[in-house]
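So, here's a batch of structures to check.
The following pair of complexes shares a single chain, chain A, combined with chain B in the former and chain C in the latter.
Our next item is the complex of A and B:
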């Protein structure tokens, strides 16, 4: 390959140094901004994906009674999965090698009381041992390992299976004076009477971990159970922050006096085979005569926070990228145009020495490409340094639908790096070509005399 | 005074006397009419008495048959009422035996076997399910509501006063009640329980076939209630009340701690 054009272009870089540096700076900043933006989007998407699938226990696939996702709260008995549905789902999914874990879940409402005051609650329930596997999944730990769902106490899975333990959100814990969670008392321990009007009532209430849950059982009766508060937790939804509780699946079933479940969740071994697995399960449940709805985790009906947030973030990212691209292309075009116009005489000289128009254009494109390459290397370095300092700064971040405790952590997205680099190269080449094309068309005499300006 | 003058005056005096007599008669009749319309408070007190609101103790049993979204249940309760205190014990079915609702003033407690403490259900929380039906049965209208007579109407052919009741305090379950009380014997025949917006949440009708003898006087006592939900016409609750009996009930019969087993 003829290296002469490259040597010439490299030599020409030392001319108009200030302008080349300014142009390079614009490209470098544009590239590093694209890296940072891409890094933010990459971490936001993965964190929200991990939290939706694992943190909030949705699963890769969620199965409801037909219409249950919308209508369950108004008529839980009618729109829940009964024992026959649950048994059928276990049969259908047995032997599907892409499934890693699965199980039923339940949600519901009622009152929680400390014997002196009561307040409404919204409860979610899952088998604690299944919950442990879900929360400890490597993908979840990689992206959300720093998130701590608990403000105080220990997780439900650390207690025996038959213990009626529960976690309550911090505001409700404060209201009921259950903000000092601990291990549940022995079943034989005496229950101290508490005079709600006494001066030491708050202390006695705080020392007693047991609360009472009351709710409309699904048979139409009022039902109640005791539960011991072993943890205070943070919630992901500000709407429920004041009244959110979590307890083992079978105890919430006991409260509502039912064997049913709200939904059935399935976690796959990886994130890649969700659509085909959904289609497979839909076909099998239909063939079995089951009246169910099967949702992928990112279905907007099931995960409105994920979809809404990512839609917004993507729109913002593309808008910002468009602005960055405009800045880069205009900077490059401006610089290239001024360079070409000022060096019109030089172009005329080269043409008079036998350089073709094409060769002249190639020289200037190579020049701009070199500026772009050096600038992107510098931009990449700026990006790496930015990542380092941002990740060390511990900037608090709370994405919609996620618990608190997250810090901003930019992550390299190889796709974004490649896309940004390619785009900047293409824009640089296009801008310089655009600038030199018309000028190179002028006649030698016009170029040499400068009358082309 | 001459005889002629006295004779001239006589008709004038007679006419004046007639006018005075007419005026007093009219006033008397009008006053009698006013005294015949009782006050809203009187109506409420009398109506509450016929549903168990007395200072002495009353015990009775009731069977509540409920249809809730297609599910039918039948529960037998034993109620003990004394003034502002009430305790309802579930007698049947066996799986619900030993459940208690205790009502003190405007608060309601619920406890069932296995629970260490009762759940306190405040006024506004009583709008849910079975607690709302229990609350309607126990509602003390005179204590909790200001009444205003708004007119008259017939319920099943019986002449009634219509009253609008408004809550006396914020911790009363319902913001307002439309109430129909019979004119003849001051029995509450129908009640519509209202939300904050004024929508009817529940409708209840009452029957009084039972009798209660207090201090030698026999008074009607509620024998049946039918509770309906306008939003869910298929849902209903019918309460059949057995004849009550007076009994001296000690205060500790309403003590939650003593009821917990």
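Our next item is the complex of A and C:
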């Protein structure tokens, strides 16, 4: 067959203009909505990924002592990585080109006090210079930039390695009256005792940056250290927001009087080679006789928050996508059915001239293909305009479970665009084919006479 | 002509034997053809007459392979069409049969020449050059050369039916079936259409079989068969 079917289909678009426009509008809206939904999901996933890998300092890969992820809290000494483990891990990972940075992490609990009041804390600690590299990673700044900023004060990496500085979450800062962080005083500065009952106690507590951290050391003794609050921070995570503190790795080791670490975090150069790197490290650690667990960042056991949030978002997205798909299918099917029934005698005539059912169906599919192509171009344009205005409007967004809000930023993902376009296109063609299929099955005489209606 | 089963003949383009067809109308079964026997020879110009509901259209639909009998035999140019599958019937219609409908059934978005070209587009044996030539000839035969670029909406009823005739002839069919071709035309145009069909029958030696209940046309045809209650009457 030559170009005649295309010519005929193109001209047929001018018939029933209003109906074709309505059908095209449904397809265009379906496509643009899919783009916006895809843009939302793309930014949500990237934000969550950046938050988990960089913001939470988990790394792309986290290595624990065998069973440490679950049992560390109950018996940290047994389930932590000792210096021999850490040295072996450094050796094993040293030559791996896919690794960008790495280092040990420690977490722990205890009490933090201003001398007058105490509250429990949950601490995480990595080397501040490593933390600087992690937090300043371009991927983290792109997607998590709004959350890495401190509420007040300066970052730990801005101070010398031996400085006894720490950052505390805003709620603790408020409770302990340490919400005016600043640079630590000179060691020679005199420290005056504060009368907790005095009227000016709050002001004096606020002027004094020092807090005391107390915890059970891993050797069983009670341990305590002083630290200067140089920053108030936002954790973004409601699980930790109330009692979260961050210290240099060595400082927290000192509190627990240990040389061990809770885990070992590895950040890769990109997000694409995590599973194979996990497998490689697992094999290497096993070969080295190390009794360790190696987790990918998105492992459900390691990152229940990421997985739970994304599962919730994905469920909403698929539900919305299903509604969109239904709207497109029903609109196209409805319109195509009306068109095909109206043109039944035309179909009958073509069949009587020798057109097979398949040829007739192809003619209608070409017609719907043209409507779909034009509509999707329009839908793409609507999507681009929507992206522009939504991103410009600065809409506040708070993902489920997030304490801090972010600015909604729709991001184009070529894969989602391609998938949406393919899906909407296939659905439109399928719906039109379904409509013409049923009518073309009628007897030719019935079609010609119009008795198929 | 009697309702006796026709003997096979090299001259026969259509041979129907014991054709039975009925329609379901709600709870009622309405017999349309009751063991009909019929033969049309090559080059004949035959009118099928009969009252409304007598089975004229059903008979033409069966011969045109656009409806299926419950039983009986249909031979078109020696081919038993009741045994053909749908695609084979489509090809047979395309190569051997031309249709002219009461309501013209032209595609409104196609010009006269594009409408006439339609059946040739799916005939792989016809080259593009031959197709152009045949379309030109068919349009010329029905004296619509001046209107070849016009859309059907820009033509009168008589002109539209001439386009339908040109379309039916473009494929060089052995048989042209016309179901009440003059029913939607006034008296003058009806005569013109019959004259045109007669002229094409004479010039091209194409077999014409058409149904009508217009008595004014009956004296214009050389052969008439009368159908009543689904059988051919003498």
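As a working rule, the second predicted complex is superposed on the first by the 425 of 453 C-alpha atoms of A that agree within 3 Å, B and C clash if a C-alpha of one lies under 4 Å from a C-alpha of the other, contacts with A are read in each partner's own complex, and residues count from 1 in each chain.
Simple rule for what comes next: a contact is a pair of C-beta atoms (placed from the backbone, for glycine too) under 8 Å apart; a residue touches a chain by one contact, two chains touch by 3 or more.
All values derive from a computational prediction rather than experimental measurement.
In the superposed model, A:4 lies in contact with chain C only, and not with chain B.
Of the two partner chains, neither chain B nor chain C is touched by A:202. Of the two partner chains, neither chain B nor chain C is touched by A:180.
Residue contacts after overlaying the shared chain place A:398 against neither chain B nor chain C. Legend: residue contacts after superposition of the two complexes on their common chain; A:224 is shown touching chain B, with no touch to chain C. Of the two partner chains, neither chain B nor chain C is touched by A:66.
No residue of chain A lies at the contact with chain B in one complex and also at the contact with chain C in the other.
Every residue of chain A that touches chain C in the complex is listed here, in rising order: 1-2, 4-5, 7-8, 11-12, 14-15, 345-346, 348-357, 359, 443-445, 448-449.
On the side of chain B, the complex with chain A involves touching residues 66, 68-69, 71, 73, 75, 96, 99, 110-112, 114-122, 125, 128-131, 257. Those residues of chain C that touch chain A in the shared complex are 57, 61, 64, 66-68, 86-87, 90-91, 93-95, 99, 101, 103, 105, 107-110, 114, 117-119, 121-123, 128, 167, 171. By the touch rule above, chain A contacts chain B in their complex via residues 75, 77-78, 111, 113-118, 120, 191, 193, 210, 212-214, 216, 219-226.
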